[in-house]
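What follows are several structures.
In the two complexes below, subunit A is the common chain; its partner is subunit B in one and subunit C in the other.
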Partner chain A sequence: MDKELLKIENLTIGFPTKSGIHTVVDHVNLEVGKGEIVGIVGESGSGKSMTSLAVMGLLSEEAQVSEGSIQLNGQELLGMSREERRKIQGKNMSMIFQEPMTSLNPVMKIGTQVGESLKLHTDLDKEAIRGRVIEALASVGLRNPELLVDQYPHEISGGMRQRVMIAMAIINHPDLIIADEPTTALDVTVQAQILNLLKKIHRDTGSSILFISHDLNVIKEVCQKVVVMYKGVIVERGDAKEVLKHPKHEYTRKLVASMPDQVRKSQNTKKLLEVQDLNVYYKENKKLFSSKDKRKHIIHGMSFDLYEGEILGVVGESGCGKSTLAKTIVGLNREYDGKLEMDHLKPQMVFQDPFSSLNPARKIGWILEEPLKLKGIKDKKQRKELVNQMLTEIGLDPSFANRYARELSGGQRQRISIGLSLMRGEKLIIADEPVSALDVTVQSQILRLLLKLHDEKNLTYMFISHDLNVVHHMCHRVIVMYLGRIVEMADVDELYDHPCHPYTRMLFDSILTDEEKETTDSVTVNEILPETVDGDGGCPFYGRCRYAGENCLSEVPTLTDIGTPGHPHLVRCERIAYGEKYTAAD
Partner chain B sequence: MKKHNYSLIFGLILTGIILVITIIGQFWTPYDITGMNSMARNQAPSLMHIMGTDNFGRDVFSRVMNGCGTTFFVALSTVAIGCFFGVIIGALTGFYGGLLDEIVMRINDVLLSFPSVLLVLIFISFIGTGKYKIIVALGVMFIPSFARIVRSEVIRYKSQEFVRSAQVMGAGSLRIIFVHILPNTVVSMLTAAAIGFNNAVLAEASMSYLGLGVQPPDPSLGRMLSEAQAYIFTAPWYAIWPGVVIVLIILGFSQISEGLRAISD
Partner chain C sequence: MKYFIKKIITLIITLLFISLLTFTAFSVIPGDAAISKLGVDASPEAIARVRAEYELDQPVMTRYVHWLEKALHGDFGRSYKYDTMTVTQLLKSRLPVTILLAVMSFVIIVVIALPLGMLSARFAGKWLDVLINQLTQITMAIPSFFLGIILTVIFGLVLKVFQPGGYVSMQEDLKGCLEYLILPAVAVALPKIAMVVKYLRNSVLSEMKKDYVRTAYSKGNSVNQVLYGHVLRNALIPVITFVAMVAAEILAGSLVIEQVFSIPGMGRLMITSISTRDYPVVQAAVLYITSIVVIINFLVDILYQLADPRVRTA
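Take a look at the complex of A and B:
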């Protein structure tokens, strides 16, 4: 018997354009053996998604497969009729999509959606299907599957939706699962859980997985073999760990080395920003017929300073209040009390999404001129000159002034965004996840640009990110936030070498790069996240903490300094405060 | 652009032709538009009078040429009034929200839920009839629909990050509304204006038909339809030609709005 499950030979896909066929996948050869996990890595536009869509028969109408064959269990898939394909899909192979928010049908109950493929491909009756669905939901680590089957997708969180998607993909025990960036849209901690789940499923069922991702760390963690795609061509292939440790092709090397060098810490002690006992609220819109004036407490008593020339990282999961903090500092949120002192500054902000942060109706030149107009520079010629100068500084040609934002790539747009934040000449820049919407290779270019400008212009950054690797390389000092509170704050090396708060440790456990992690198979995060509740008086992290004891519930722990003079290391944990130390064996 | 926007091209050509003829009609017509000729009453279309003549022996083609001008003038002024106030009201309420927004939008709902012709009739019974009064009456009636469109567009854009970015730079609210957000709504406003123009043409025709709009002897397409009613069997061309021209104007503008919508998608 042939041991190759999926065999792609000379696959070539193109799109017709005015100037002939534009080839996006060029003579790709790929095999996935039974029980293998094969990764395809590459940036967007490399053809990795096209390849997987071709396998699933989901290519758009315009796409033309001009050459090649795709065989599943020796059966040719290309040129198969829709009827025949339908029999295979959902039964012999299934797909996990990237976006858990949009790939589930919002008006269909979860049970119905997960059971759909059983209904189509088996003769099971309603009760049997329900049983299998509950079984599948339980096997992907979802609690209360009996309740879940009657819920709708909007009632559950993103991580849970991705688990539902996976349940949907495995319910019929397919031979092949195609996972197209299954963790890209998720938080780091959830990401680690989902990857573990996929590995567990692979162990339990022996399904083969074709795993598509732009994230090398994820690939390294999950896959046995890897192929690297670049501009539609496979440039390198082999054992995943080997390829990523000793990349041969220039592009792979670029991918692996796409992390910029760390910056030196400045010795400046001039405070640019002083935050003391800051509480921030979110005011819900007052409606005509409701008298209640609701406001939600988002940030609880935060205090920290930001020194000139410093790059301060802020990390935490989504919903921890890091974006709210940024908005409050730049003046977009006035519902706060406490001290927020800036040294005659109007801090500027680099936004996360380069596709909505630039006005689509205006040209780049106009957009960049706007801060100058607002600053009161009346001379048109001078404004134009300053814009051209800025465009050059951010690595773009001055001709970009005449373009609209929609004509630019994500990376170019983010450069403009950075330039825009610098136009007023302010020294304090708040960057809210400035690279998380970009491709890896573009990410590193943007990070380098930020570091270059930091050195040249003596800027100060507050750098908000959920990517711990990026923060490690970019920042001098790091704040870890959890549910609106600082849980740990220290110099970057100190924090990364000796993480103390259980939450920080949990975050670090979910990074997949560390060499020592290769030996331990499972990640030590609780498999299922409890609902994140703000503890009533107790430690907010109590519900998720591995080390939680009885006295943790009595009161909110205070920040304790366990650092050395001049290098404070603040931790908010009762047990640390009582002098306990977590050992490595914990 | 990959696909040709045939709707837009066709609409622009058709409207362009009508507009050129209309503009000529304001300065020169083959016959005097008010000149009566008892020798040539109710004549069928011929080489002399390509659209025939009416019950006073006036050339229908000349009157259509000139009457289109009145129709265009009334419709454009109406849309202009509706658009101007609609944009201001919609932009402000959409951006600021809150109590004012609720109140204005409920008034809007009330106005929109009445048949507009009925409201115009009530309005006219207060301010009287005539070309300019009909413009004011129709214009006011058009404000709610524009306000609603602008409001929803402003709400859509105000939460986008480029608006936050402008706030961080230090731009004031009015500048953000009118300089940053409004240019983004131009395409949908043009679409709405084209549809509004059609409604205004029809509304003007109905008002003039009812005798409340343009007063004789000035020609307008609606007025002519009204006068032609009595002769619908003896001189059908008198009713048909103004009707056809109304249809062509509306066809042209609806094609334009269709084309604009394709662009905005």
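Take a look at the complex of A and C:
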């Protein structure tokens, strides 16, 4: 068992640029033994993906491997002809890619795609391949595999597509599976299922896995050994748990400690924003010949207040309506009824994707000046002055005013987005997943910046995120949303210490916390959660609820306060309302 | 089914709109059918008589309503110029030629452009791609009527492969007719081939950068297997729309080329009818061509759904 399956020696990869070769992978040595799971952790640009692509033989044509060797089962992969390499790809090794949405061919049936490596590498006939495909789809926990083979990728959810990707990778029983950020694009609840599935596959088949991720918690969860890459170089390696508990290299330490300290709770009781019975709709495309005015009910009767100086977190899976809520508050969606009151405020928004939300044709200075123009500041000099001031405040040099967004890194762009939201001097900022597109170490910088500005300018944030760890560190109070409803709302410590709603508990079960967890198998592999359906009566969470009783199907639960005076803890669950309280043992 | 009804309603609305538009256009532009029929020396009485016969003395809307009533019964009236023929007869003799010419051009475009586009993309940046690129650049720049003249000179006058102006009718000799139509079809097709090649090449190259292509390679597919098994169908989806536009343009293009090669098709009929103010013929011809274009678009919609499963379910 201790024989090496994959052996990378002195691997050096570079890209030719005008000023010579730009090295992205620098003398990397790495071994993966038979049946081992080895993780590579690092941020984007660290060379971790390049290394895996080199193993897989998928480097782009511009990439130059100047030195080194990659051996699989003692066979040298570098310098192989395309024809020779094809015999190994999909047979001895396979790859699971990051984006299940785009990594599958949209116009090809799922069955054909999953069975393709069998078609290429074996003599099996159509019927036999179909049988194996159905088997593989079933083994990754997909229901109705017989139907699935004839469906197309757009007909199934992201989590299911990632399972299809995994089925595709394991169908030919490869010796080595390379998983490149396989869970990054998925919701937390789905993420935990996929990781468990990978572990199960590893147990059942004994395949070796090279697991690439930027997420330390994920690495710790899955891998036995880990290497840490930074700027193309391996800076640390060893036993996964050991490395992450006692990091030796400075960069690893930075990675491990990339959470900012929590802020003090503000005691202000001045309401900045009052939301009462808010219902939000989306107008569906009106058809030419139908008179019916169709609209989709997204947010159902939400009520909450936001106090001055507070940081209010909003968490929930994608599709729960958190982004819709944000858009409605800043006025980008006018299809709503209910009360939405704020005092002379124009809340500003910080968007998730700093790459596409800044105008690429304009300089940063122009972008930052625009709100000032709208505000009516006509003096050019004064505007420049204010822009320079803002750039300094967000930790950038005033010379950035002359640059274009494309010349900036993701973190710098997000700083600009934050600066932009502050230009008008508004006090309420709605941040919609402001750091989820960024690397871990950059994330912590941006979060620190947000906290610094919060303290200095007495800002109020509504902080939307799917990352429960970030919310824990950033926020004073948290709203948990499910299908457009508040299912739980409480002060952050209360919520994290005593999560009451079954959905909140499910979310918390699926995050991989800093502490060791014994019961990671609590979400079983075959448990495909039913699609979220919005029924007419009863509890909207009924279909997924582990604790659901009979009356949950007939009675619509209301919000119940189980908190102490001054610290409300609202839960929308019938069983809670009847005085049941779940204990940690549940 | 609902889809079909919707499409037919759209077609009817389009036709109504187009017919009204041509009717009003002719009432606005100068010129008189009676004068162009009788000649400038005709007596005012004779002109008045003809005008009354053709209802030209009535207001436009009255004429339009009359025309519409008859047209709904399939009667498009008589040609002013060819008194003995009904418009329907006239069109029946001309339409097949134009359609044959258009179909030939279209087939030539598809048969030549698709392989060339794939080759160009497969060897992007290599000499073959550069060569194809240069050729398409040149052919795209030449208007098809000029190309027609050059082809006539080379093949008709120098090589004497065909007889310029010696059109053979379909009924007499189908093979001879096809042979005669090949050159005009090529003249119409060449510039369009160039466009389709470029479009397909770029579509393929942008598809090659997509994530699913990397997935396909990771399974051990060869370049050709990826190209024809995975990329082609995805790359064709935008090309289908483009080719549909080309198909409509071919019809317009054949009007000009019929003039150059003296082919008795719809194009020539329309041009002479316009200059002699033969309104009933023009009106009907425009409607026919409009219907054909709308029908082509309809076929493309169906093709689109076949090619892209995502459209099917939406």
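Rule of thumb we're sticking to: the second predicted complex is superposed on the first by the 570 of 586 C-alpha atoms of A that agree within 3 Å, B and C clash if a C-alpha of one lies under 4 Å from a C-alpha of the other, contacts with A are read in each partner's own complex, and residues count from 1 in each chain.
Keep in mind that, in the parts below, a residue touches a chain if its C-beta (ideal position, glycine included) is under 8 Å from a C-beta of that chain, and two chains touch if they have at least 3 such contacts.
Here the structure is a predicted model, which is why all the values come from computation and not from measurement.
Look at A:S409: by the touch rule set out above, it reaches neither subunit B nor subunit C.
Within the superposed three-chain model, A:E155 lies in touch with subunit C and out of touch with subunit B [touch as defined at top]. Of the two partner chains, subunit B is the only one that A:Q348 touches; subunit C does not reach it. By the touch criterion defined above, A:L120 lies against subunit C but remains apart from subunit B after alignment on the C-alpha atoms of chain A. Of the two partner chains, subunit B is the only one that A:G331 touches; subunit C does not reach it.
Contact residues on subunit C toward subunit A in their complex (touch as defined above): 6, 9, 210-212, 214-223, 225, 230, 233-234, 237, 307-310, 313.
Remark: subunit A residues 285-286, 288, 327, 330-332, 346-349, 351-353, 356-362, 367, 370-371, 374-375, 417, 420-421, 423-424 touch subunit B in the complex.
By the touch rule above, subunit A contacts subunit C in their complex via residues 56-58, 82-83, 86-91, 94-95, 97, 99, 102-108, 113, 116-117, 120-121, 152, 154-155, 165, 168, 289. Put simply, subunit B touches subunit A in their complex at residues 97-99, 102, 160-162, 164-171, 180, 183-184, 186.
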